[in-house]
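Look for chain A in each of the two complexes below; its partner is chain B in the first and chain C in the second.
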Partner chain A sequence: MNTLTATESIPYILPEIILVIGICAVFLVDLLIKKESKTPVALTALIFVVGAFLALLKIDGLEPSYLFSGMLVLDKMNVYFKYIFIISAAIATLVSMQTYTSRKLNSGEYYAFLLTATLGTLLMSGASDLLTMAMSIEVVSIVSYCLAGYKKEDMESSEAALKYVLYGALSSGIMLYGASILFGLTGETNLAGIHTALATTEVNSIALALSIVMILGGIGYKIAFAPFHFWCPDVYQGSPTPVAAFFSVAPKAAGFAMLLRFISVTFTNDPSFTTWIPEIESIGLQKVLIAISILTMTLGNLSALNQTNVKRILAYSSIAHAGYMLMGMAALSFAGVEAILFYLATYLFMNFGAFFVVDHIGRKVGSDEIYAFKGLNTKAPLLAFTMVIFLASLAGLPPMAGFIGKFYLFSALVSSELYLLAVWGLLNSVVSLYYYWRVAKAMYLEESLSDEKVEFNLSGGVLASILAGFTLILGIYFNPLSVWVKSSVSILFG
Partner chain B sequence: MVIADFAFILVAAFVLICACVVVFHNKIIYSAFALLFCFFGVAGLYVFLNAEFLAGTQLLVYVGGISVLILFGILLTKNIEDLTSKEVSTQKIFGGLISVTFLGGLIYMVNSVDWKVSTPKPIENSPVEIGKLFMSDFLIPFEIAGVLLLVALIGAVVIGRDTDKDLEV
Partner chain C sequence: MDWQLTFITFFPLVGALIIMLPFIQKELAKWVALITTIPPLVVSIMLYMNYDITMAGVNDASTMQFAVNIPWIETFNIDYAMGVDGLSFPLVFLTTLLCPICILAAWNTDKLPKGFFGLFLLLDTGMAGTFCATDFFLFYVFWEVMLLPMYFLIGIWGGPRKEYAAIKFFLYTLFGSVFMLLVMVAFYLKTGTFNMFELMEMSRQGRFEEGVWNFQFWAYLGLFLGFAIKVPMFPFHTWLPDAHVEAPTAISVILAGVLLKMGTYGILRIIYPILPWATAYFAMTIAVFGAINILYGACCAMAQKDLKKMVAYSSVSHMGYVLLGMSVLSAENPAGMTGAVMQMFNHGTITAMLFLLVGVIYDRAHHRDIEGFGGLASHVPVYAGFTTFAFFAALGLPGLSGFISEALIFVGSWSMFPKITIWSVFGILLGAAYLLWTMQRVFLGKLNTEMKHFKDIVEINGREKLTLIPIGIIVVILGVYPKPMLDIINASVGRLLEVVSPAMLQQTAEAIK
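Right, the complex of A and B next:
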């Protein structure tokens, strides 16, 4: 084990430092330039996101270590997640630049919040202490409330923000209570320290179970698993669409990073999930995870069936996808973790792509309802074609990336001998076909309501094509990604 | 020792009663004042735990800052004084059942567990030690809190200011 002091740790958190400087820089640039043109602000944000990406490349090879006396950690899995967060921040910035050129919503605060949310997710994936876990979740949450309520004059946006705050406050409270029980049992806040305490002394398993469930509640709110998913459709529908797309990817991935680290570091004795601390056997952690994943994907898919708003459909579908990924968690194996990591990478491109198209339609036609998509094929072939790629990938059809992601998940389940769960997941994927198909049908088989032009402009088309390209390529030529995932699966223990 | 126990029970009961008023009172202004007294009581509990610095901070931040802000918020909102909470009775029954079960579970748990007890003597000059820890072991949470507060402040301004001309869609 390699624990570094504060001054030694600074090179290891270079991406985070660059993002913090970026937040301040965006505010300053916003103050210094004229009100009319806001492109420099967006460009500043983009430059710092790229800077963080370069810094991440630089720290990629560093030796896995505990930083800041065990408050944060840098290991292979952490770096993998950080790539996902920074890429989604870059896409969100690019989509926002597209979206807001015509509007004046494009202010400096917006990009600063986006950078802060990214910073929060980076910290969430590296948190190895109950204190940093709670703090980083709060950073992401507080910024999310502001972003969700950003369109103040829009009633839906304000309602979304208020619901988000109420649910967020409740689940943070529950998580902190759970953390305080865990601290009371072990006298440690550091995850590795808690593991040592649990492995050496016997603790009351009811109290331990209660604290685990409560902490899962706090993390589950970020992942949006049932029964902590109620905020999700309203918030996605009410928020500005690029923000909704960002919410559905980055904080969710950060929640999974935190869940993986919390469960594996605290409760397993070795990195390969074979032996656990004794109390966990009696609690039945795997059964809890299986129940949550079944509940989440079933509720998500069934609620999506009769929705008419495409943003809401995507919100419910994102809940269902969280359920699929939780199946990988429930497998409690290396293969399951690999499947989650792979799935998140594919999910990043297909979900951002789908939201981007919805955003575009929403601005041109003025509605997110399914009827706005009618006859899109004749009006805007590229738009319709990319949307079909994203939808097919979300539904898990070959040869899209989503298919490979699901394939990894189900094979992880089979190797953990969870056959029933795998069958249930397959059934759910079949159900999900129905609502993705409804959108595709509206675009290709139904008559358009009007003849107005809705096709992408050049940069929008390029962005959508890139996202669709990744969704296709990762479905056909997925070997490099799966090799990278295999090498990233190691979590720092001890 | 007995007097200290008696005082503790008194303060704890005070906190609990105030908290109940916060939750159950129909008028929001009563709830807000009860919350203020509740924060006072919690500061008292910190004193019993030998955390004088925390007790002082609690008084400054929660009693002096947050409660007063909540009261201002209520005073500046139109028609909020007459607002009474509207709950459906089924919600009350289900909510009540869940809460009581949960409370029972928590009480059972708190009594049945051997809690880890801290053995070292309380530190005399705690603000100095806390300051040192903030700059060493707890540097990262301290810095995260800094960013968090900065963004929360700006976020509050963004949400709270009037919809001005240059934010029109």
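Right, the complex of A and C next:
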């Protein structure tokens, strides 16, 4: 075990530092430029995101260590997640540049919030102490409330923000209460310390179960798993679309990073999930996770069936996808963790892609409803074509990336002998095809309501094509990614 | 390292990409499509010339012909592995033959021709790939690749209820294939490979537990569900009439001619050699379902008023023969299995003719109501002649190819399932009944001059003849001289039966005890 002091830790958090500087820089640039166009602000944000990416490349090879005397951690898995967050931030910035530069919105704040949310997700994935866990969740949450309510003149946006705040406050409270119980039981806030205490002393398993469930609730609210998912559709629908896309990927991935670390570091005795601290066996953690994943994906999919708003469909679909990934968690194995990591990478591209198309249609046609997509095939063939790739990938059809992600998940389930859960998940993915395909059907099979062309500029077309390209390439040749994922499963223990 | 199968599979995809280029306009699109489907046909004729009939294939990688094997995804041990043997080669040939014919049949597609021909070529790649793949993962990918183009081809260019038919087809097939995926994953986790030959070797070593409620039992059910939906086996057949009635002519031809064969092909290629115990255990069940398919399909066909629906149900009935034939697992009596493999090809050609002919009349009359015609033989004699030929082929007239394969199937099944065979033979009778009755109502009697669009009903044209004549020639040749086909099939069928018949003998012996 390699624990570093505060000063020694500085080089290890280079991406976070760059993002903090970026947040300040965005505000400054916004003050200096008083023109209508906010493109320089967006570019500043983008430069710092790219900077953070380069810094991440630099810290990629560093030896896994505990930072700041055990408050944060840097390990292989953490780095993998950080790539996902920074790439999502970059895509969200690029998508936002298409949307939020010409409007009268005060875009300096907007990009600063986006960078802050990214910073929060980076911290979430590295938190190895109950305090940093709670703090990083709050960083993401508070910025998310602001972003959700960003369209001030829009009633739906304000409603979304308020709902988000209420749910967020409640679940943070629950999580902190759970954390306090865990602290009371063990006298430690550091996850590794808690593990040592639990392994050596006997604790009341009912109190332990209660605290685990409460902490799961706090994390579950970020992942949006049932029954903590109710905020999700309203918030996605009300938020600006690029923000909704960001919410559906980065904080969710951060929630999974935290969940993985919390469960494995605190409750297992070794990295491969084979032996657990004795109380966990009696609590039946796996059954809880199975129940949550079944509930989450089924609720998500069934609720999506009757939606007419595409953003809402994607919101429910993101709940369903959280359910699929929770199956990987429920497998409680290395294969399951690998599956989650792989799935998140594919999910990043396909989900952002789908949201990007929705954003574009929302701006050009003025509606997110399914009817706005009618006849898109003739109005904007490229957008329609890429959207079919994203939808097919979300539904898990080969040769798209989403299929490989599902393939990983179901392999993990079968190897953990959770056959019925696997069958249930597969049936769910068949159901999901139905609602994704309502959008595809509208685009290709139905006549448009108007003859107007949907314009889009070159950069938008390039962005959609790149996202679709990744969705396709990761489905056809995924060897490099799976090698990377395999090497990233190691979590720092001890 | 042979290039031919890769070429057959991916050349159409190249065509699809060319069609997507912006400057390719309507007229050009169909020419590109036609031109890109002909080289694969030429290559598969070349393969036929070079085909070594002594090499059996099936469970032996070294005797697969024109084989390719390149590592694809090393982390999962997935290979880009292709090869053909007597089970798959006739179907590869059938695919390459029917594709240019279908493009000719769809020559007058006015609506979005770029999209139609592009998707059609993508479908072609999926079909050829499925028959060539010898790696289970690759097979599954190709199998699923066909879904998307098929959905759009039915959904955009179909008839009045196209959307319903398209999504029904899509969901049914996907429902079946997710179970296939699950079994595939289970195979992989048990053995660490997706290579079909290695899986068969593992099976021979007893890695897949035999016995009711054991691994083979469940794996069989999972795979069989996926394949049976595609066949389509009663009671999973209901997507088929809908899809056929709504699909445009060319797509109906592909659907009945090639896609249905994937179900039975998958059973023979994957289930039989990998799960011999379960194959033997369920042989009787398959035979019974085969008989149900034959009789139920024929009865339904007889009741139809829509000409295309009648032909669609006749497909259900004819695929029943394949199921019946392949349930005969006896190394001494390979006739049933040989007939089944041959019937797959023959049904592909004969049903293609039937759907093409239905398309010809539908293009002119704009309806397919059997009662709405009458006495057409005197009005369009050449068309009537072609149809009579196709109907006779379908009802199994001696001298045409359908007779050979059906006769072989009954010869084979008689020894093992005499009662089921007796019932099934009534299917021939019913087949003759519905076909001849249809013929009488459409072509014979007094010319019904009051039928809808009577003036538009003109004689079959040159392009349409061009689509029918090549298939007709094959039907006649294989009916009179089936040896070339049997030569290709025999070695592989013999090998397949060597793999599965011991399990059958053992189980029969146990049952007698």
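In the analysis below, the second predicted complex is superposed on the first by the 490 of 494 C-alpha atoms of A that agree within 3 Å, B and C clash if a C-alpha of one lies under 4 Å from a C-alpha of the other, contacts with A are read in each partner's own complex, and residues count from 1 in each chain.
Heads up, the rule we're going with is that a residue touches a chain if its C-beta (ideal position, glycine included) is under 8 Å from a C-beta of that chain, and two chains touch if they have at least 3 such contacts.
Given the structure is predicted, the values throughout are model-derived calculations rather than measurements.
In the superposed model, more residues of chain A are touched by B than by the other of chain B and chain C. Contacts of A:Ile47 after superposition: neither chain B nor chain C is touched.
In the superposed model, A:Phe478 makes contact with chain C only, not with chain B.
With both structures placed on the common chain, the touch criterion links A:Val423 to chain C but leaves chain B unconnected. Contact with chain B, but none with chain C, is seen for A:Met135 once the two complexes are overlaid on the shared chain. Once the two complexes are overlaid on the shared chain, A:Val288 sits clear of chain B and of chain C alike.
Look at A:Cys146: by the touch rule set out above, it reaches chain B but stays clear of chain C. According to the touch criterion, chain A has no shared surface contacted by chain B in one complex and chain C in the other.
Listing the residues of chain B that touch chain A in their complex gives 105-106, 108-109, 112-116, 118, 136-141, 144-145, 147-148, 150-152, 154-155, 158-159, 163, 166-169.
Of all residues in chain A, those touching chain B in their complex are 5-6, 20, 23, 27, 35, 67-69, 71-72, 103-105, 107, 109, 112-113, 116, 119, 123, 131-132, 135-136, 138-139, 142-143, 145-146, 149-154, 161, 181, 184-187, 197, 203-204, 206-207, 210. Those residues of chain A lying in contact with chain C across their complex are 377, 388, 392, 397-399, 403, 407, 410-411, 414-415, 419, 422-423, 426-427, 429-430, 433-434, 437, 441, 444-445, 477-479, 482-483, 486.
Residues 72-76, 115, 140-141, 144-145, 147-148, 151-152, 155-156, 162-163, 166-167, 170-171, 174-175, 178-179, 181-182, 185-186, 188-189 of chain C are the ones that touch chain A when the two sit in their complex.
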